Structures are given as structure tokens and as C-alpha cells.
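Take a look at the structure set out below.
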Amino acid sequence: MRGPLSDLPLVLEGVSLQAGATTILDRICLTIAPGAPTLIVGPNGSGKTSLLRLCMGLAAPTSGRISWGSRTDPTPTRRAFVFQRPVMLRRAAAANVTYALAQAGAPRSQRTVRAAALLGRVGLANRAQRPARLLSGGEQQRLALARALARDPELLLLDEPTANLDPAATRAVEEIVLAAAQSGIKIVMASHDLGQVRRLAGEVLFLARGRLCERAGTSDFLDHPSTPEARAFLRGDLVI
Amino acid sequence: MASRRSFVALAILLGIASVSASSFAEDRAIVVASTTSTQDSGLFAYLLPIFKAKTGIEVKVIAQGTGQALDTARRGDADVVFVHAKPQEEKFLAEGHGVKRFDVMYNDFLLIGPKSDPAGVKGKDIAAALRAIAAKDAPFISRGDRSGTHAAELALWKEAGVDIAAAKGPWYREIGQGMGAALNTASAMSGYVLSDRGTWISFRNRGDLDIVVEGDMRLFNQYGAMLVNPEKHPSVKKELGQAFVDWLISPEGQAAIAGYQIDGQQLFVPDADKKGS
Amino acid sequence: MIRPILTACCVLDRKKAKVGSQSRKTITEEGLHLLARRLAVACYSIGTMPDHLSALQLILTGDPALIAIVRLSLGVSFAAVVLAAAIGMPIGALLALTKFPGRTILVVLLNAMMGLPPVVVGLALYLLLSRSGPLGDLGILFTPTAMVVAQTVLILPIIAALTRQTVEDLWVEYRDELSAMNVAAVGRMTTLLWDARFSLLTALLAGFGRAAAEVGAVMIVGGNIDGFTRTMTTAVALETSKGNLPLAMGLGAVLILIVLAINAIAWGTGVWSQRLTG
């Protein structure tokens, strides 16, 4: 079913993304290997979302090469994605998770049990039979996490998952992400919240105008940024 | 998931069951192509249960105009034809589509028109009446559908010396529909129409229409029945179809035909002579 | 002779069912029992409806011919909807989700076919199913089966086209998530069809409405045979041509009320389900 294939290390070589005349990403060279969470920061329009989508394989680069564990086939084997606004299937929460399990190839007999475990892991055990579309924003995002974790990923990509959530929900999501990181899953997450970066990140990727400007450990980046764009960004200036 | 699947299965089963129940009697059933006048007059509704009670054969009647009924039989889609246009029936026989033609019953045609009688035809014979209608351009409704009634109407125009193909104008309305529809139209337009007595008696939407000419010998309307030739159309149910034709011309069937009445009036006169042609 | 027998049967049944002076609520239950019993009677079909009774009187006495006609109408249309959905929804979903050369033409064609003239469909099928036609050996001309086929052909484009539009719209919303979950092509179709079920219900109702209302196709391929292929619409056409206009109008009203009731029930079920599942 799912063999010993791995999606890591994720390697981007000279990856560019064009949309017509606009350059969204400009010659990105990047290697993601197992380890502490990597957070991607940058101003709006810097290409964070596009970079994540390319890493997932949802889009193809205009030029350059992406490989997952030295394979270039974009079919996601052991990686998962959490979107900023999750789309819930029109069924119960538990059914959403069993759906994800089924798509990931889990045998039918195991699905109910594993779904219950996943719901417990994200704190939605008491919401199992509730229609997913009737859950609150924070609950839906946690359910999206459960769906992602159902794929038993090595690599979990998240696109500003707490951007629309209140602090309590944000904390719940961050706890789940940290727990996932501690269990060995490589986290790559876009964030707009520097506090979140400080709480979660092992290293930071800073994007500006489609270029990978800086890559450093969290405290190095936050306290001693080396590029002018990063310094401007951390000061709170608009980086145009 | 499981409940969804079983719902779909149930829906499909219900759908099939609800239509299959209606066709359970396929084995002892025949299709008879007949005319709208026999249907609209209610004759079949009266006759067929009697036949079924005696033989257990279900008769399914397709009511079309004579021409269309004979065409249906030519395609092999009917087992028996029961129509009223002798020339067309004899042509059908000559083409080899029918086995033998039997006279079954007759009634007569009537000229129906508005009580106000704008063409002044009341009291005339049919030929004179038609001439008057053509002369005065009074509204006239024609079946226009190659039915027995339509054929009779065209023959009567010829008899009256009116070349209807040349003489027809906006006053002559060909509607291409059955007898009931023609009467409805005549009623709505206060026009004249040729109808068989059976349909007229059972017709309910008369408006200000009434009989204006009747009793003329030329208005005689003969009905005949034929079994469709099984040698030409192997799907024809030979025994069952023949049973129906035989019953129609038997003393029982003939008595049943004579027994059909509306408001005390007999609609059809049985006249089978069993010899056939 | 038939009419006294009919009236006698009705009186007898009424006594058995104890309908008489009962209140409206229990009449529905008794009506269902009556319907079940009349199923057998209707199959033997005593004959045409007595035409001196009004449509209301026929309903109240539970005239077997009327019930047989209603049952056939609903059965044929319902079967056609089920068949058209089984074929049309996958086609619509496929069209929505796959790109291939000529797709646009196919979509336009499908939309145009929603306006197929029923009588033309009936005629085409008649020529196919006639004994002297290519499919004559099936022997289904002038049977309810042919009517189901005709109506399925008529409403298939409606259901397929509306499904295509609905699924296409939903795909815009679901595309990222389903791609991220690596859902295969067939899985996408079934997932989107199920998630779009409330919108698709409207498509089904549209199909049902068209099927129940049409008269041209079923008249030609069914033959309007008394007791076998006579539906509500062909019965209205027949009674009109016999000049029984009040009866025809009454039957028409019955048909409209039945279709209205079905729509109301379907809508109510949909709204209630939607409230439960969000």
C-alpha cells in the first residue's frame, strides 16, 4: 500500500513561478530535511502560499526542479496540507476523518478506531458526530489538522492556519502542531504572526518579492536579521 | 454510507416495480389498432370487459385514425385492425397485410352544425348541404388525418360535385386530429363538421351544435375487422387475435354491440355475415 | 352496466374501509389501505372512468381507474428520474471535472438538449421500437417500459446539465483539499456528487416535473391504452377530445396537486436535512 517511500528531503532547485508577466517566485533553492519546525514569513504577496503549494505538489513550477525524497513525481505519498480556510465535507466530523483515512489507503476495519484516536489527538472527541460544517472556525481548523494527520505524514505543510482564529483557538492549533513536531513530523508553516514564529519555529525562511532572502535559526533571525528587507520587516515597515 | 446505498437501491426497485406491475398480463393480450370514433364513443370500454370475461384475453386498444391504424398494422405493431374505410381496408388486404376482412357493424355519419345554421343546410340532402357550405364559405372542420371519417368526407365532397382541393379556403379547417377534437373545434368556432353518430351521442361539449343533416343513404358508415397477417408479421398473436375477430362477428359479440346504448340510443348496428372477404 | 358495478364496488369498499364520516387525518391512513387493496383491482382495470362523475367524486370514491392512472403516471416518471439520475449524474460530474478536446461543444449540446421537443423524442423512439424497426424484437412498444425510456431520454439532459453546473461550481471550492488528499478521479466525482446533494435534489425535481407534465412522448410510444399506458396527462388529453372538459380540468388539477405535494415533501426533506448537516 504505502511503501517505504519518503517525501523528504524536499529539494527545490532554481524553482521559479511565473503567472503571465508577473514573477511570483524567483529562483528558489531550498532543502527541507527532518528536524524542528520551519516557519516561512514575509510580507503579503511575497509568495509564501505559492511556495507552500509548490512544495505540496498542488502546482508545478514554471522552471526549476522539485524533488521529494529524490523523486520528481508530485503525487503526495507522505505529506499533507492544511489550508488557511479549510473546506469541510458535508458530513459528520468523524466521517471527514474516515474519508481522509480512506483516501490515504487505510484498511476499512481500522478506520473508525483511528479516526477516534485522531479526533482525540486534536481535542474533538466530543464533537465526533457533529456535522463538520456546523463546527466553529477553530474546531474546523483542528478537524482539518486531524484529516492531515490521518495521512500519517512525514511532512506537514500549513498555510497561515491560525490567521482567522481567535487566541484560544490559535493556541489549541499551535499545541497540536507542536505535538506533531515532537512526534517526528517535519512542519513547514507560513505565518504572519511573529509571536507564533517565536513560539513554534526552529528555523525561519524569510521571503520578499518572491525571493528567498534569508534563512536562519529563530532567535538569530528575530534578534539579528542580516538582510535589509528582513530588518525592515521586523521593524514593522512595509517591504515593497 | 450504508443507508445511502440502500436508499438508492430501494428507489430503483420501487421505480421498476411500479411500472412492471402494469405489464404483467403480457401473455394473454393483443393489440388492436382502431379508430378514435370507436374509442371516443365508449364502445370499447363497454365491449372489452365482456370479451375478457369470456376468454380471459386482454385487449389493448390503440385509438388512431383509420389511415394511421392501418399503418401501425403495416409495421407489425398491431394484431388486429378494426376500422371504417372499406377502400383503404381492401388496399391493406391486397398488400397482403391482412388475412380476411369481416363486416362487423355500421352506423351512420351526421352533418353537425350550429343551431343558427348560417349556410342554411337544414332539411337538404348531404350533397346539397355540402354545396351550400362551400358556396357560402361557412366554416367547416375537416379531420384531415386520413381517418375513415376523413375519407368519407372527401368522398361526399366529390359526390356533391365540389372539387374541395380547389375550393378550399380559410373557411375549410383541416385540424389533423380525432373526432372528439374536431367536434370541440366546431363547437368553439360554430362551424360544420362531419361526425359519426357514436361519437356525437357520447360527446359532451356540444355548445350550440346540433344535427343538421342525417338519414341520407350516402352517410352509411361500415366498420370492418381484420387479423393482421402473421406470415408477413411473425410477431402477430394469431390465435388470440383470431379469437377476438371471431367473437366480434359471433352472435354473442354482435348482440353485445347492439346492446351498447347511451341515453337509450343504440350507437352501432351489427351486420356481420361471417363470410368475409 | 359497468357504472353500477363500479359504484357498487366503491360502496362496498367504503363500508369495509369505514371511510364514511371519519375525520380528514385518518382518511390519509385509510386511503393508504385502500390504495394497497386497489393495487390488485387496478391491475385488472375495470374500464374507463365513469365520465358523468366529476374528478372530485372520482377521488373521494377512490375510483380504481383513476388510482391506476395516477399510479402509472407517478411510477413512470419516478422510474425515469431514477434512471436518468443513474446515467446523467455521472455524465454531468465527468463533464465538470475532466478537460478534453470538444468539451465545450458537448456542454453546449447538453444544455440545448434540455429543450428537446417531447413529441419528436416520442416519434424517434416509436420508429426504433416498432416491430419493423431495429429494436422491434424487444417488444416494448405500447408498454409502460417504452414510456419510461422516452421520459428518461427527455430528462437525462436536464439532470446531466444541472449536475455539471453544480459540480463545476463545487469543484472550484473543493479542488485544493481534494488534490491535497490525493483523491482519484472517481473519488472526486462521488465526493462532489454527495456533497452537492441538496442542489442536485433541485435538478431531480426539475427532471421529475418535466417528466410528469409531458404528454407527447408517452402518447406516441405508449398508445394511451386504457388500463395499461394511460397516464394523467394522456387521460386529460383524451377527456378533452371527448368533450368532457370539466373532468379533464379536474384531472389536470389532481395532477398539479400531486406534483406540488411531491415537490413540497422533497423540499421540506431537503431543508430539514440541510439544517442537520450544515
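Letters A, B and C name the chains as they come in the text, with residue numbers starting at 1 for each one.
The rule we apply is simple: a residue touches a chain if its C-beta (ideal position, glycine included) is under 8 Å from a C-beta of that chain, and two chains touch if they have at least 3 such contacts.
Worth saying up front: this structure is predicted, and the values here are computed from it rather than measured.
J.: Treat touching chains as neighbours: how many steps, at the fewest, connect chain B to chain C?
T.: The fewest steps needed to get from chain B to chain C is 1.
J.: Could you name the chain whose Cα mean is nearest to the mean of all protein Cα atoms here?
T.: Chain C is the most central one.
J.: Would you mind checking which chain's C-alpha centre is most distant from the centre of chain C?
T.: Max centre-to-centre separation from chain C belongs to A.
J.: Can you give the whole-Å distance between the Cα centres of chain B and chain C?
T.: Distance between chain centres, rounded to whole Å: 30 Å.
J.: On a C-alpha centroid basis, what's the spacing between chain A and chain B, in Å?
T.: Result: the chain centres lie 78 Å from each other.
J.: For chain A and chain C, what's the span in angstrom between their mean Cα positions?
T.: 50
J.: Check each residue of chain C and list the ones that touch at least two other chains.
T.: 194
J.: Spell out, as numbers or ranges, the residues of chain B touching 2 or more other chains.
T.: none
J.: Can you check the complex and tell me which residues of chain A touch chain C?
T.: Against chain C, chain A makes touches at 56, 58, 75-76, 80-81, 83, 86-92, 99-100, 103-104, 131-134, 147, 151.
J.: In the complex, go through chain C and note every residue touching chain A.
T.: So the residues of chain C touching chain A come out as 173-174, 176-177, 179-183, 187, 191, 194-195, 197, 276-278.
J.: Show which residues of chain C lie in contact with chain B when the two form their complex.
T.: Contacts found on chain C: 1-2, 39, 43, 46-48, 51, 68, 71-72, 74-76, 78-79, 81-83, 86, 130-133, 136, 139, 141-145, 147-148, 194, 223-229, 240-245.
J.: For the complex, give me every residue of chain B touching chain C.
T.: So the residues of chain B touching chain C come out as 4, 11-12, 14-16, 18-26, 31, 36, 40, 42, 44-46, 48-49, 60-63, 74-77, 177-181, 183-184, 187, 202-206, 233, 235.
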